[in-house]
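Shared between the two complexes below is chain A, which pairs with chain B and chain C, respectively.
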Partner chain A sequence: MKKQVFSQQSVVILISLVMATGFAIFLPAFLTVLNVVALLQNVAILGILSLGMAIIVIGRGIDFSMVALLVVPSGLLLQLVQDGHSIPIALAAAFALALVFGLINGFLIAYVEISPLFTTLGTGIFLAGMGQAVFFPLDVVPWGPQLNSMEWIGSGPILQIPKPIVMFVLAAMAMTFFLRKTRLGSYVYAIGDNPHGARTTGIPTRPVIVFMYVLAAMIATYAGLVMAASIHSMPTRIYNSTMIYDVILIVIIGGIGMTGGRGRVSNVIVGTVLIGILLNGMTILDVSYSAQNVVKGTVLLIALLFDTYLNPRNEDTAQQGDV
Partner chain B sequence: MADNILELHDATKKYAGVPAIEDINFTLERGEIHSIVGENGAGKSTLTKVMAGVVTLNGGKMLLDGAEISPQTPVEARNLGIAMVFQENSLVPTMTAAQNLFLGQENAFNRIRRINIEAQQFFQSLQFDVDPVTVVSLLGAAKKQMIEIARAVKNSAKVIIFDEPTASLTPEEKLHFFNLVRALKERGVSIIFISHALEEALLISDRITVLRDGKHIVTDKNSNFDRARVVKAMVGRDLSQTIYGQRKSVTRPAGKKVLTVRNLRMGSQVKSCALSVFAGQVTGIFGLVGSGRTETFKIVAGVMKRDFRHGGDVLLNDRPVSYVVPAPAIRGGIAYITEDRKLEGFFETKSIAENIYLGLLAKLRGKRKLVSKKEADQVGQTWAKRLNIRTINTEVRAVELSGGNQQKVVIAKSLIQDPELIIFDEPTRGVDVGAIEEIHKLINTLADQGKPVVVISSYLPEIMSLSDRILVFRTGKVVEEFSAAEATEEKIMYSAIH
Partner chain C sequence: MFQNILEFRYKYWPDHFLGEILAKRWMETAVPVIILTCTVLWLTSVIPGFLTLASISDILRQAGEVGLVVLGLSLVMIVGGIDLSVGSMFALSNLCALYLMHVLHLPVGLAVVLTLAFGAVLGAVNGILVGYCRLRAFLTTLITLIIYRSAYDLLIFRYATEIAGNLPDSMIWDFLGIGSILGLPTVAYVFAAIALFGHIFLTRMRKGWHINAIGGSRRSAFNSGIAVRRTVALCYVASGVLTAMGAVFFASRLSSAGGDIGVGLEVTALTAAVLGGISLGGGRGNATKAVAGTFIVLLITNGLTNLGFAGGYNRMFLAGILLISAAIDFRWVKNKHRIVSRAYVSPAYHELPPAPSAKIDSGTVWALNDKLKDVYVIGEGEIEGAEDVILDRYDNLYGGSRHGDIIRFFPPDYKRWEIFAHIGGAPLGMAFDRDDNLHVCVGGMGVYRITPDRKVEMVTDETNRSIYSVNDDSRMRLADDLDIVDDGRIFFSEATVRYEIHDWPIDGLEARGNGRIICYDPKTKKSHTVIRNLIFPNGVCVANNKQSILFSETWGCTVKRYWFDGPNKGKIEIVMENLPGYPDNINWASDGNYWMSLLGMRSPALDLAWKMPGFRKRMAKRVPRDEWLFPNVNIGCVLKFNDKGEVLDILWDLGAKNHPQITSMREHRGYLFLGGLSNNRIGRYKIPEGQCDPDYVQYDRRWGRDTADPSSRDEVTNQNKIKKKVEA
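So, the complex of A and B:
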């Protein structure tokens, strides 16, 4: 193993600073308090989703159903309240739906051993389709006035800081605690580092993997609630957007290795900030949606290249000849 | 002067600086059947891989028909006329026999009917009874092998190398295979035959070469060999005594019976295996690769699953147990220390302390909901000291350690789980000499403390110096048991290779 002179995290912080300075110099609109707050607010939801994705990637998986899990359970909550059900019942239904899909993901991946990529692509499109076909009569689920007692989740700033940012910080703190201080958190790292080793060490790998996907589903639902409360509706069309790519971009560029077992919450935070600056700068520059995708795709591919270079799959590459 | 088709002079191949074969001189005469025999790791596979272009030499040269060659890839070797029939056959299971025969040489417009007819004619010319339109996955091992051989002959191979060709064959199929090999010889093909089964080598070869520890020991006509001479050449050692210490003079008596295995079965790898392990002594397990020794103990430790029906019994302290994952086995007190520490041993991105601490967490389960860095450090330091893991501090990541220290981390990770029965699988593979001695001392200490210890090893001197009792595996079961006093390397090897 080479000693790494630069950690990926410091490289990302450096790039962020360079980009931010560049935008600040050439775009007068960039470095205003309003814009910085807006920038963070826009990526706070992405940041929360990325926390969930980070756990999965650390445990050597991937979850493409996260956007569907952001949209459908929280949309269901809004719809049920709209239809006259009480808030506790609607909340229970939303989290039960997320739980069921987390369990399905986890069961198919851990016990049936289907690749996480295909499993979550399948459950994701199923869930999104179910939402659009069965639950929601409108593309945008409106926020009923009965819900105003829940508004605090996503709106109403604390000390001028917008609520989604506060919620992102809270989630990041909870996730830090989970990954660093709990036994289950250590298990997630162990499974991501060496799944066979974790099994022979006596770690119940399959239940832990199921737990990972359930947790990711819950985090996605939480992100959905924050989002709905902050924009006072749930636009179900975002399932069709490129949001999941932004999430993967944040996780990889932040330095959570796709090989598993590597990365921390701080990686997600720097990744979120970098992507926030990138998206915000492009918006101010009035780069078209399609051109933004070209940039995002390029950045994602470069990040993947770096990730492969920095975190090579050791067990494959270091194989020696059989003597 | 013999007519040599293939010659190797001072052939040397090193993997990461460690020689797998060293200064080997080897000649293959035209139209002979030449067997290469030796223990696991003697260098048979490497030698033949060099000839087949799978690996290239670091030193020495290879001559084919007197001209120097150096094939870089198996394709190149095959074009030169050297073909290898691998242990694991290389046919495409979803294609027919004919398609496989022509694989890689199809015309741009590949007419199935034409290749079926040509394959039929070709199989007939070899007197192989293979239906060209049958899909390969439906064929038995012997038929698959025929297709492989046919493919080699079709590519006008002058030299065909067989690596353990009889391992998956039934006795009748074996006889048929030997006839095939003799027929090939009649066609002027030279054959190299690698086998663990000594009888087969003695039955079929014209000449036999014995390798040991990567070196050429002896080559002679078959008629000058008998079993005893081959076995002696395979195991005779000089270096081993200095590394592995003398044989023990006092053996420990058997304590309480801790583990009983009865009639254990798993697919084709473990067949009606029965054995017992006693407290307070080291039970050495010897067997060649594929004898089912590792699989048997992996079933005991829950790493593998026995057959669902008629899988047999495992009794721990006279209580039947059946673990299907390792976690409950560890709670039950069985520690299996893997032979492949990279694949299923340590966590490479974690420090020594974290690695060992994970072992503790897995054992304690619900009693440690939260982890403590302090406890991890403490555990790391205690065990690094106890097992003499040499490093600057316990924060170093496991992947940066030497093989010996990695092995000690894996051992510590299991011992912290306070096991009742400890199974070491190849405890000193890829471990430096100093660490070998320490690990052996540790194994002896555990047995002295009254623990039942199992040591699985392919290396006879290791088995001889550690064991109080030796069980020999062959074809998926225990075939012989020796006490340390009566065992000799020759006797053990004799029963391991029927």
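So, the complex of A and C:
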């Protein structure tokens, strides 16, 4: 194989450094300890979600239902506690909901063979609608005082480092272990690299794919708990936001090719930092939300162009309906 | 008694229609239409006043606007992509139309054209990115969805008050929005016209077929010369234009630039398209499906609102339908061919008396012998599947090959060969006409003619369509063998109208009269079907009396005579029946009799199975195809018979080493040349002295040329040509 002179990762690091330097020079507020911590805190949740997305993308899939899975199960937990149920029951219900939707995703993708894009788009909308119609009477589910015993998940800094960042680092470490040291992790790479080949060599591709989506659902719920604990509420409206594109942006820009089989946790970290700098810089510049979206969208398009150029799709192993 | 009932049931109950209907393309369109009908019936019964004119008109207005969007999305889906940005494009085009009308006060026509152009530009962005830059359609249009939506948010922030403050004063504009003709809204007419055109475009026109082809297989479409990138890009542009058109009507109706216009429209449109049966992978779909899907989704969402369900339920419902119909669609596309092929094979009742014995000591005319043991082998391993062999007057030997070529072997030893002509389909039966043109039946293509200077011309590929047939039987699926009568008419057999060439043994599993004899008349240059419902008609040969043809029915195990001229014109009589094997080609013998080959021998098992159609049906459904009970086509022989149908001689290859399957034979100058559809060689058998005319050349005798002296042969031709010119 041809050795790439500039790997995508080093390019991304370079761009991040250039942008950070630029912001640091022109925006006096940028390079303060407070801002850097805030920057990281803001993207920590995105980072955790991106870890889940990274597994899916490495296994040649995509999961659009992650934001709904971030919002609804953790919102359900808050709501149930609000309604007077005990924390263990509420936790069990939240994770059971996430498990069910992870299984549905995995089943539809691995066994019914609907393309992941449509499946997760559908289940995401379904779950969001379910939250709206069935679970939550209010758009923002408040953090009940009964829950303070599990506040530690998202708030209370350790050594001045905000909890979400700690949780992100912990998740990243666990994920590195999973992807690099376990057999299932290498199965995920094999499936992403060549699904038919993986199947031929005897890897139980279908169960592994189901497992991937369940894992992603669990990670999303975990991210939701961290988020709820850190901001003391769950604003359910965010499933209408563009959060999922930030996640995809992180994964692609970090250098995890959409063709699957490539990428590591370090890619996610690099992507997260870059997006953090971008978002933070724009916020300091007082760019409106809509204009930020335009910028993000354009950056994502360019990233996709590069991704298509660097990781051209192999039409022989592309799945049917994989648009 | 039981057998009679069985025979009656399988003779008159049209089993084969089911499979043929399932295999039709319009089957997939029928499903959403049926669902739509059920939905309407259900809603009518649940919601009082559902089918009033006001309510219908209201739904049509919505359906027109959304339907145009769905049509655009469907187009993109059929070409193998997806366009999620339709909702945002809708919002932006709406804003554009409002701005042009309310703020700039442009004339309606100009405003509409500019809005459509604007939509085209929005679509072109997607088109260039997906079509030319080959980005992933789903992600790309998802991003443009965000960008367009954000742009819309930024723009309404600036222009909303200006738009709301001014109102256009235009009758035509109002007519577009709220006008109606004959009680139905304007938009419904426009939508109907575009949907109708879209349907014809996608199913009947070249460009529409290109779109389907690209969606079906991008690479194959590219290889066959379709401009894939441009076509894909144009589909996205069309999607933008259609969306903008929907937005124009929306703008003229509501004059509103609210923040949530078009939000989630892509999910509604996507659900409509998928529910209508437009496949996510591309290549399958038409406008009718899109329209049916649109109506189903709108009716149900409106119905749910009427019944008092909140927005969240609506969302769940749409997502639920999207997933279910996508699941059905993916499973159907994946398994369709299996389901159809199971339902397609529909065996018929076919009874034959016990076959005569062919054992060596049986004493019958069929008794096995070893006459073909030492045949001279020609082109071993160099030719594959010469169904028919033929020799011209210069002793050149021609044979078809599986690869779509006609191969010519040169005398005297037939070791040297060349490709005489490339046809493309599998060449089967052959015959020379008066002017040395080689006529060939080509499986899947019809009858072709190769002139002596190797030009390939099509003779006929179409006959009259029968009224009661579900399959379009005007095209020829399996033209098998032909012969040319004195006035130039060509009689040829089409073995089956239900199977393509490589599936021909499956027709033996059905044993129904699926075949026919067709006549091509050079005077009118048209073909018409002469005899129908023959059980795999195969060999065709002009009889000695020149007024009738002999033809064999392979699974019928008979040889019949059809009178095309003379006092008996139109009559069919049986020459031989209950043969012990499956007859194939028939040709002249030098002594005034006929040669015929049996391509395989009957077996008691299949004879019995032919009397048990239910058994064969179950077998076709439950057992994998390669384990079906097929007719034996591996042991055959050649026989000589006379006009009365008496067998005079029989040639076997006992070990079946050289010629396991014999599908044709041709006598030439004391030799018999043998061909076989599944053989990799041609055989030459020396006919013993005294049993043949050693100077016999079939087509010289057929067309009345003197061939006694080989050196005069060219002169004869020349003389004939001169004679003809004089006559002309």
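Simple rule for what comes next: the second predicted complex is superposed on the first by the 311 of 323 C-alpha atoms of A that agree within 3 Å, B and C clash if a C-alpha of one lies under 4 Å from a C-alpha of the other, contacts with A are read in each partner's own complex, and residues count from 1 in each chain.
Everything that follows uses one rule, which is that a residue touches a chain if its C-beta (ideal position, glycine included) is under 8 Å from a C-beta of that chain, and two chains touch if they have at least 3 such contacts.
What you are looking at is a predicted structure, and each value in this text was computed from that prediction instead of being measured.
**Student:** Which partner does A:L117 reach: the first (chain B), the second (chain C), both, or neither?
**Tutor:** Touch status of A:L117: second partner only.
**Student:** Once chain A of both complexes is superposed, is A:I248 in touch with chain B (first), chain C (second), both, or neither?
**Tutor:** Only chain C; A:I248 stays clear of chain B.
**Student:** Could you let me know whether more residues of chain A are touched by chain B or by chain C?
**Tutor:** In the superposed model, C touches more residues of chain A.
**Student:** Where does A:D193 make contact in the superposed view: on chain B (first), on chain C (second), on both, or on neither?
**Tutor:** Touch status of A:D193: first partner only.
**Student:** Chain A residues touched by both chain B and chain C?
**Tutor:** The answer is residues 315, 320-321, 323 of chain A.
**Student:** Which of the residues in chain A come into contact with chain C in the complex?
**Tutor:** For this pair, the touching residues of chain A are 108, 112-115, 117-119, 121-126, 128-134, 242, 245, 248, 258, 288-294, 296-298, 300-301, 304-305, 308, 313, 315, 320-321, 323.
**Student:** Hey, which residues of chain B end up touching chain A in the complex?
**Tutor:** The touching residues are 15-16, 18, 20, 41, 43, 45-46, 49, 55, 301, 303, 325-327, 329-331, 336, 338, 342-350, 354, 357-359, 361-363, 365, 368-371, 397, 399-400, 413, 417.
**Student:** Quick check: in the complex, which residue numbers of chain A touch chain B?
**Tutor:** It comes out as residues 1, 180-183, 185-187, 189-190, 193-194, 196-204, 206, 261-262, 314-315, 318, 320-323.
**Student:** Which chain C residues qualify as touching chain A in the complex?
**Tutor:** Touching chain A: residues 80-82, 129, 133-140, 142-144, 146-147, 149-151, 153-154, 157, 218-219, 267, 279-282, 310-320, 322-323, 326-327, 330-331, 333-334 of chain C.
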